Amino acid sequence: MSLLTVEGLSKEFGGVHAVEDLSFAISPGTIHSIIGPNGAGKTTLFNLVTGIYTPTRGAIRLDGHDIAGRRPSELAGLGMSRTFQNLQVFFNMSAVENVMVGHHLHLDRRFWASLVRLPSVVRRDRACRAHCVELLDFVGLGRYVNSDAASMPYGALKRLEIARALAAKPRLLLLDEPAAGLNATESREIDEVIKKVAAMGVTVVLVEHDMKMVMGISDHILVLNYGRKLAEGTPTEVRANADVVAAYLGAHV
Amino acid sequence: MWKSPRTGGLAVLVALVTLAPLGFPNAYFYDVAVNALFNATLCVGLNLLVGYGGQISLGHAGFFALGAYGSALLTGRYGLPPLAALLLSAGVVGALAFVVGRPILKLKGHYLAMATLGIGIIIHIVLKTESAVTGGPDGLGVDAFSVAGLTVSGDQAWYWLAAVLVVIAVWLSLNLVDSPVGRALRAVHGSEVGAEVVGVDTTGYKVLVFVVSAVFASVVGSLFAHKNGFITPDIGSFFRSIEVVTMVVLGGMASTFGAVVGAVLLTLLPQFLASFEDYEAMVLGGIMMGTMIFMPKGLLPSLRLLLAKRRRTP
Amino acid sequence: MKGLVWMGAAGVAVLGCVVFSGGVQAAETVKIGSFLSVTGPASFLGEPEKKTLERYVERLNTDGGIGGRKVELVVYDDGGAPDKAATFAKRLIQNDGVDILVGGTTTGTSMAAIKVVELAGVPFISLAGGIDIVEPVKKWVFKTPHTDRMAAEKVFADMKTRGISKIALVSEDSGFGKSGHDQSLKVAANHGIEIVADEVYSPKDPDVTAQLTKARNAPGVQAVFNFGFGQGPAIVTKNYKQLGIALPLYQSHGVASKEFIRLAGAAADGVRLPAAGLVVAGQLPATDPQKPVVTAFKADYEAAFKTEVSTFAGHAYDGLQLAAAAISRAGGTDKARVRDELEKTSGYVGTGGMVTMSATDHMGLSPAAFHMVEIRNGDWVLSD
Amino acid sequence: MFAEFLQYLFSGLTSGAIYALAGLGFAIIYNSSHVINFAQGEFIMIGGMATATMVAAGLPLPLAAVLAVVATMAVGVALEKFAVEPARGADVTAIVIITIGASIFLRGAAQVLWDKEFHALPAFSGDTPLRLAGATLMPQSLWVVGAAVVVIALLWWFFNRTLFGKAMLATSHNRLAAQLMGIPVRSVLVVAFALSAMLGAVGGIVVTPITFTNYEAGIMLGLKGFSAAVLGGLGSGAGAIVGGLLVGVAEALASGYLSSAYKDAIAFVIILFVLFFMPSGLFGKKGTDRV
């Protein structure tokens, strides 16, 4: 069974169809890329799937249950996590605290317990911290553990978001242009991180412009154009698709 | 960082409030100190909302006044023991904050400022108008504060009560900030969407901290009423709301000790400025502007940065 | 962490340094303490009070002080905030060591200070109108101004003689107006007055025609009575004229200053109000015992400050005179004896009227202290 | 019945036009800097006080008015130069505290420079009320409404038809982009403060014959102006006008038909309800989160 199924999904903003009648499915354990020209509706699709936008029409199913219109925080509880194209880092906190927030759902969230700092809270917090330091190491940010997020370079913040998303222990991880604005070395590092994540059994959905990365790591690619599905398939299939080539070269008439 | 300023800062605070009375020659000093510590407690609560949660409130004096009037009326009119009145008032204020907090906290920035301002002003108007209950603008007398037959009387007794209160408030605040709940709260300030997608119920936390800060205000209001023995609706005025927010911002947002410092300094300031007479307002306004221009992060965080810099370049 | 300790130390220093020259007092001076609302909404009451106290303390000193001792005045501005007033009262008593308090511009600030002075046992002469200040009688508390209840009674009595029995009450929602409103409701029935409309405005409302329209349209209404001070009553008066309401308009003693006439302009013509003798000093009959006192004070004040004297200045003047007289009769500043002497004040003729206090009356003014005046052609005209 | 309603309406429009003028000043500064200037009310106070004292000193009203406007604009520019500009980039709350500090400072200065008395100005076109269907209106109220209309028209022209005005609008949309396009962003802010100070002063002058003025007059006007601007939607000039009129009319109708003691509270309840359903005010730009 598919982990995520999208059926007839549409989103309008004041008459503009950002996403229109879109259907696709994502199988567990795969790396699934979504590509398309600027304005094709990729980020809108992410925002719909993760509950930030409410669809105008259509269904989004996680494990067969409709999740359209649920809040992002509820979806996080169902095992969905994401990063952002425009960074949504907590700049008022340190790197490791950012990641610890990612672990939020797996901690003791009782107000009273936090307020009087029960020993159990302290214990779990300490374990959580250790775990989050590991995650920072995992994404290659070991030297930033106690740095203020506000003082970290852009490339590191991109990875910080991935670490934070991972801390939520997602089954489905959506990465919105993780390599955008990074140099070749950094892109390669991100590439490695994504592969490692997938190897842990997390299903990854990726929006990315770096074709080399997309073609290299994806199991499956969905091509969007003007909010609609243009093509779908394995990297080889997509590369051979005439419509895709046309859309990307802008020669489509 | 990991050893956190919790233990050290708290120890300094305890030492300060314990030693401070050595410099108090008479009851007037105790009186000012009690007001300073009450304000500090209120500001520690408000700082959770404004500094850590990133949600502005220009109506907190309203909650303070509700706590004060709640205690005054429940003890004076209905004969409740003061402690029960304090707790009941805090409960009611918390419930009220919960009810109005849900719709209000959907608003952002200046719209939230407007809405909280409106809540505060409405409370003030009700207290002023319903004079049959509240005594109107001329005020209402309040009985002494006593628990289990022991009456808190005299400025010294009140000082120690206020000191214990502020230490507890700071302790709770420090605990909270460095806990799962507190981190979620600060995350809401950092990025609401960012917090949402990792499972933080942002609305829930905003409402929670709004309620918590309102309860802080209510408790301080209750004690203030008993200590002063007389209250007027002006304790809930728009100016008071602005004043307490100024204390928090001046001391340093997102800094528990900053809130304490800001509250203490701004409470003492008018006592110093009294000799400026007609120029008092100009000096106060000038100090507010100057502090925020030269230390935009507030007194304590800015000083801390300065010290850190000096240490790095000996 | 070290930084925090240093900052903490600095904090202690600040806390400890609120020490001023106070405390130590030359045994020779008589210290009079005062907290007034020199700024804030009641500033135009507090301001003349402060000027008066300062001028007449100086006068006392040039005349040789009280019983040969120099007088020292300490004034703090409470900005109209009751909690500040309480703190300043404490500062005056505990830190500055004053012998007597003369101050408290508003009822709220006075009431807040009462808790402090009663506990400390220092005589306190309030300059505010609220009847709650001296009723019930508090051991250490006295006051000089007429109460709002007396003003209401004077107005109602005047209405009755003119055959008015149904009125609309329009009041300000500030301390003065609200207290006047409550007292008016309380005593109206005693004078056979029925209040058929009860409207309220805020001190800074730009326009009150809505309230006045409602008041005018109340069934059977024969007159309108406005309780407030500052610019509010002037706006009420102008709006009243604008609406062309033909009913008599009464104001309270809160507007008994030339400023009201200046602000309201021609619209003030025909307005009736209760006022102290000071306001109509020139028109008092020569036989009036108050005449020499009020004319002298008025002339002196106006020469010194180049502004019209107000009744509030008079309250401060009376407060200071009562205090000086009591101290001199007591032969010193022993607080209990000064208090006893204050209570024995008898036949003092001040700007507010004749004052005779007793153990049951800590104000000592009779209703006769008020004169009914009408504004005609921009001036007061005594009408009783 | 109808005459009564009309009178309430007139009452509300008089107050409302005053609030609207105050609200407009907030809108202009917010538009170009996203700063809420809590000293806006003090501009109104300074305009009124300066004019009133100069007229009392014997100057003809038009001259006094012009001088007062110039003086207020100088205060506005000084506020921008010495208090807001140095704090550029600081947290919004820090700037809020700065402008609140500025308002306290200006009030204090006014009280020292002038006095604590109330000051009046004669009505520009006399005190004979206009009568309409049994209700009355003072000619001065028309002056206020007229001033609001003229100011709106001028602002519209300025922002849509002059290069500098367009540059200011561009700055409000994207400060960085505007800067890159060569727009002198710093002078835009100075002009914004000068403009809203001018607006405040004009407001203060036309309003003083109705409400009088003293050193504290700016508090209430600032508060109501802020309410008007927020209700209308921050940054929207038309919104501030509509917001101001709505608050004024709501207060008047509330005191006429419900309770005059609670009219202010009722106005705030209305504002709260509007915000619950329209979180960016009546005409505010809807903030969509871009992530």
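Per-chain residue numbering starts at 1, and chain names A, B, C and D are given in the order in which the chains are listed.
To be clear about the criterion, a residue touches a chain if its C-beta (ideal position, glycine included) is under 8 Å from a C-beta of that chain, and two chains touch if they have at least 3 such contacts.
Every value quoted in this text rests on a predicted model; they were computed, and no experiment measured them.
Note on interfaces C-D and B-C: more C-beta pairs are in contact across B-C. When chain centres are taken as C-alpha averages, the shortest distance to the whole-protein C-alpha average belongs to B. Centre to centre, using the average C-alpha position, subunit A and subunit D are separated by 46 Å.
Mean C-alpha positions place subunit C and subunit D at a centre distance of 35 Å.
Note: centroid distance subunit B to subunit C, computed from Cα atoms, is 34 Å. One inter-chain figure worth recording: subunit A and subunit C are separated by 70 Å, centre to centre, where each centre is the mean of the chain's CA atoms. Annotation for subunit B: residues 125, 129, 193, 278, 280-281 touch two or more other chains. Looking at subunit A, residues 52, 84, 88 sit in touch with two or more other chains.
Counting partners per residue, subunit C has 39, 173, 200 as the residues that reach two or more other chains.
Looking at the complex, you find that subunit B touches subunit C at residues 5, 8-9, 12-13, 15-16, 19-20, 22-29, 31-33, 35-36, 125, 128-129, 131, 136-139, 141, 224, 228-232, 234-235, 257, 261, 264-265, 268, 270-272, 274, 277-278, 280-281, 300, 303-304, 307-308.
Interface of subunit C with subunit D (complex): residues 39-41, 43-44, 47, 173, 199-202, 204-211, 213-214, 217, 230-231, 234-235, 238, 241-244, 259, 262-263, 265-267, 307. Listed in rising order, the residues of subunit B touching subunit D in the complex are 50, 56, 103-104, 106-111, 113-115, 117-119, 121-122, 125-126, 129, 192-193, 238, 242, 245-246, 249-250, 253, 278-289, 292-293, 296-298. Across the complex, subunit B meets subunit A through its residues 1-2, 54, 172, 175-176, 178-184, 186-187, 189-191, 193-202, 208, 254.
Subunit D contributes residues 4, 7-8, 10-12, 14-15, 18, 111, 115-118, 120, 127, 129, 136, 138, 141, 207, 210-212, 214, 216-217, 219-220, 251-253, 255-256, 259-261, 264 to its touches with subunit C in the complex.
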